[in-house]
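Please find the structures below.
You will see chain A twice below: alongside chain B first, and alongside chain C after that.
Here is the complex of A and B:
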């Protein structure tokens, strides 16, 4: 990725953040920088104008950066915020975990972020040495401002997985979504296979997209002090920049599961959590999990066992999900953080659906008022009470 | 038998034959898109009776071993579902393909030091002896704790095998031998698979390892690709014995006429693979970790730690997936057999009353605040700074001081699975650079 020149958005982001720090308007900018592996980013804490040159923003920026806000001691914190990051910042203010005056929200419009596990599944035994996003404008052409090699990537799509020979089936596997559409963003991948032979592939943007991004209702920030657009333009935010969801949330994935029998759902849930090793990456990556002491860590008395007993693991996941009911913004950070591929998303989405269907509530759009579960109205539906 | 060459097509037969004498473990199915999760018991595929068609390709119970385990590309692209079906038509030859993935998600240590392991069962209501009058406490060994049948692991990478020599220093220590660990080590033969093409996250040479290292292995296998023009073959495994146990294993296979001795050209092919792998991995290595302790000894209070830990989320992905991390916690749990079946012991054992418990040893992580929380409420490692520093210090300073080896084998799992890309290779190089600039000396002075 290093060969790629920074995008217009990234350039503006760097300049703007350097300015903020230089003028002393904030003490730290929490953003993303280029990671050490292809298609990986890493959180960056910029505290002087020079640090700002490390900032980037693109579809590899998978973490929800708001998670760092409660931990930081800095007085004024700027956060580079995707829609979901900004929604948790709002939620923090709503839940009185920080003050709005302390935050400076640098909103960025997000196209969705990568799910590395999908990439791994695609790679199989191939090694990835290089990866980048390319904008494809028409057949075999490379978008403006992008470094070369792009055309070759798209032209050779049919041969994307086409390393023949002992690689056998993986080599013969058809490249997914190989059609080239106008103005489309593609993942360009390069590396070598298990025998050291080079390969290259070009995948549709959606192929590696995180599931939560596919159902995202708000790609842009909510309550931003400034918004940096895709072409590097800055728009001053006024708190009214982009209120409300951009589209009606859809819960087709949840409905599919709801159609199954209770036994089938239980079985599926057990099978899902059976992968869990209780490393708590989901909890730690979640901005909503800011409890000073998590119930699983309570030791006097203990709330749940510490072994890999399936009952305890299920209790952990169920309680965490319930604790996030009406709060989860569906950023998917937990799913992406999990090394074991436990799909927590569905459980969280079921609770979001209940929040939406029963109360017309969707988290992260308000900075004032009360959290969903902090309110009570006599005519609230109570079907869910056992 | 010092060396044996088998065709990849014969791998399943070889594993099936070994299964008659040993419990055979192979890199296991992926829990999700993303690669194999750990090591699992190999279940031989039933052979079709002569004259009858083989088991249905869609019969998942039969094909589990070779198909479902390799979670395949299932994105939303047009190749999605179709690709999966295609994979489900694959018979035995799938496993060699699968073994070419560099590493399992969960490390080999799990077979010797499981995530959770009952170490003691007890009963507090007089059953099983007690005081002999229906009261008192009795203690017993939970069923199935110590392995019975000897085991073979096929396809462990050299870094994972090397991690066992690190764990041996802790658990097979003369002063404090750990019976559970030692019994598993003693009854397990490990067949390693050298790394023809290391992953971008691999850095074993910086920890004293090698893509074809034999530390901890009984046999080292070389994945010899099919020769040019030999499209029908998937190539061979050339297995070289490292220990006497390894020799015996190869002898056993040789007696069953499952392979042949290597030729001179095979030996040359092995050397070529080794050379190529070493060359590939040499690019982008961090500083050598074996002299890092010298620097670390002087930078306990260096400001570096304050910046380093900042992005760490404090999860245990790095430590749990680390093949050398060995910290554990002991907890008292209800006997799952008793609680679930209303008093019956799990597998045909004696009737067990409800008041039973199990003492369980679980993986623990220095990344958790509770790891060092004292009963008084004081925590000597109250923030991420102290905890991240501890992890680095333990691996590259304390462990070498105490046991004479770095507690890192360069497998790169923590690099790959860290949710925020906190890359230990960068940390290693930063620390080495601190030493180079003399900062360490000035801080410690």
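Here is the complex of A and C:
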């Protein structure tokens, strides 16, 4: 990949994290670094100020980094947190898996992350050699992109008449270095096809956007010690940056399934699950799966059979979803981690919907109190009971 | 059981229903139904549990996978739990589990929940009748049943 100069957000992130490590305020910063493939990122664990120069943040930062918190033995951990990451950090504290004092939350506003499988589907047999986000200004005029030379996230406000970013975006300009209003951000892709001929393409931001990001209810961090804006400004978090979701959660995909007949649903579930090879990548990617011994690995009792019987896989998916009921924040990490393209979100989102409709519960916004299944109300729904 | 006497798909077919009964209420209620000689279909296989709150949703799914035509979970009435809140906590889990199973296409009537106290022998017999009738109208379970487990 060509050398890319970092966005303003990334620059500030690096400086800030180097400062944190230098002052000894944290032992490790968990963040994202540039991956070895185009449009891929990788988790980075910065333990000294020099490591901080590897940090980045943009729309390729798809992992939920909170997953590392229970695994890290370091005393004080700083985490670069998108909205969904910060919700799981809260959930960890709620579930008493970590202490709040141990965490330093570096909040970043996220406008959604890339779904690698959508990119792969688009590429087909072609090879991708370079990819970046580009901001399109005015009448299709091309501006400096996120990783464009020297401009970074501020590129959009330079240039004659190129001011943009206000339209269609509420509140602070969000995101991975570039503001998003429909059609204004493009993925710029370059590569070779199977015969070695070069190609280039420009795709809408939405085209490669992860599905869970399209229904995201909290793009900014729920709780942050500091928030780094897209123009590189830092805002000290006052603890709580948001009390609840930014918008009412929508469950159109779940409602669509609920409209189908019982046999159609079974058919759909069966065909979805038939893709699963039970590699458990979803479990590894999920911050909620921190059990010391997962039920799928237990041999006494043996909850899940090791056979190729489809019901074993179905039971795995049902129980995986049940284990995350009232806890899943719909970050979509499991869906993106799945190599077979199983839509795990379908079950998770059904439980989220029921949690929301029946109990008005949405995970990840509380640091204190009890999880959904750890508490009750005397007048909880009772009509389904004989 | 004697399959030859109640072959699948015939009038005589008796569904197999796994009943998780709480020790303090529903199990005693079942006992009372027996002592009182209230008649109910011989379709349930009772598993006594300490509390309906101790019923892991996994038990229910696993019962279905192992070939149960239906599952009944019964506990104390709200407010009467021996452990104070077990049935309240169970209720939340069951509400979500029932919705999830229906969402993936498992007939909702196969999994039933009830509150039966130790004094409600008649209600226990009625619940078993009702659940059996509903499961019977659905026919033998085929979905989610592991190969070789269904009968």
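Criterion: the second predicted complex is superposed on the first by the 337 of 386 C-alpha atoms of A that agree within 3 Å, B and C clash if a C-alpha of one lies under 4 Å from a C-alpha of the other, contacts with A are read in each partner's own complex, and residues count from 1 in each chain.
Definition applied: contacts are C-beta pairs under 8 Å (C-beta built on N, C-alpha and C of every residue); 3 or more make two chains touch, one makes a residue touch a chain.
Remember, predicted model here, so these are calculated numbers, not experimental data.
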First, second, both or neither for A:343, with chain B first and chain C second: first
Partner chain(s) touched by A:305 [first = chain B, second = chain C, both, neither]: both
Broader residue contact with chain A after superposition on the shared chain, chain B or chain C: B
First (chain B), second (chain C), both or neither touched by A:264: second
Which of chain B and chain C A:355 touches, first, second, both or neither: second
Contacts of A:121 with chain B and chain C, given as first, second, both or neither: first
Partner chain in contact with A:193 - chain B first, chain C second, else both or neither: first
Contacts of A:256 with chain B and chain C, given as first, second, both or neither: neither
Partner chain in contact with A:22 - chain B first, chain C second, else both or neither: neither
Contacts of A:36 with chain B and chain C, given as first, second, both or neither: first
Common interface positions of chain A, toward chain B and toward chain C: 305, 307, 309, 311
Touch list for chain B against partner chain A, complex: 30-35, 37, 70-80, 82-83, 86-87, 90, 93-94, 97-98, 100-102, 105-106, 115-116, 196-197, 199-201, 223, 225-226, 231, 233-235, 276, 280, 307, 310-311, 313-317, 319-321, 329, 331, 333-334, 336, 360, 362-363, 365, 368-370, 373, 384, 415-417, 419-423, 425-426
Footprint of chain B on chain A - complex, ascending: 35-38, 40-45, 63, 67-68, 71, 116-118, 120-122, 124-125, 127-129, 165-170, 173-179, 192-196, 203-204, 206-208, 275, 277-281, 283-285, 293, 297, 299, 302, 305-309, 311, 333, 336-337, 339-343
Footprint of chain C on chain A - complex, ascending: 254, 257-258, 262-270, 295, 303, 305, 307, 309, 311-312, 314-315, 318-319, 321-322, 325-326, 347, 350-351, 354-355, 358-359, 372-378, 380-382, 384-386
Complex interface listing, chain C residues touching chain A: 57-58, 61-62, 65, 78-79, 85, 88-89, 91-107, 112-115, 127, 130-131, 143-147
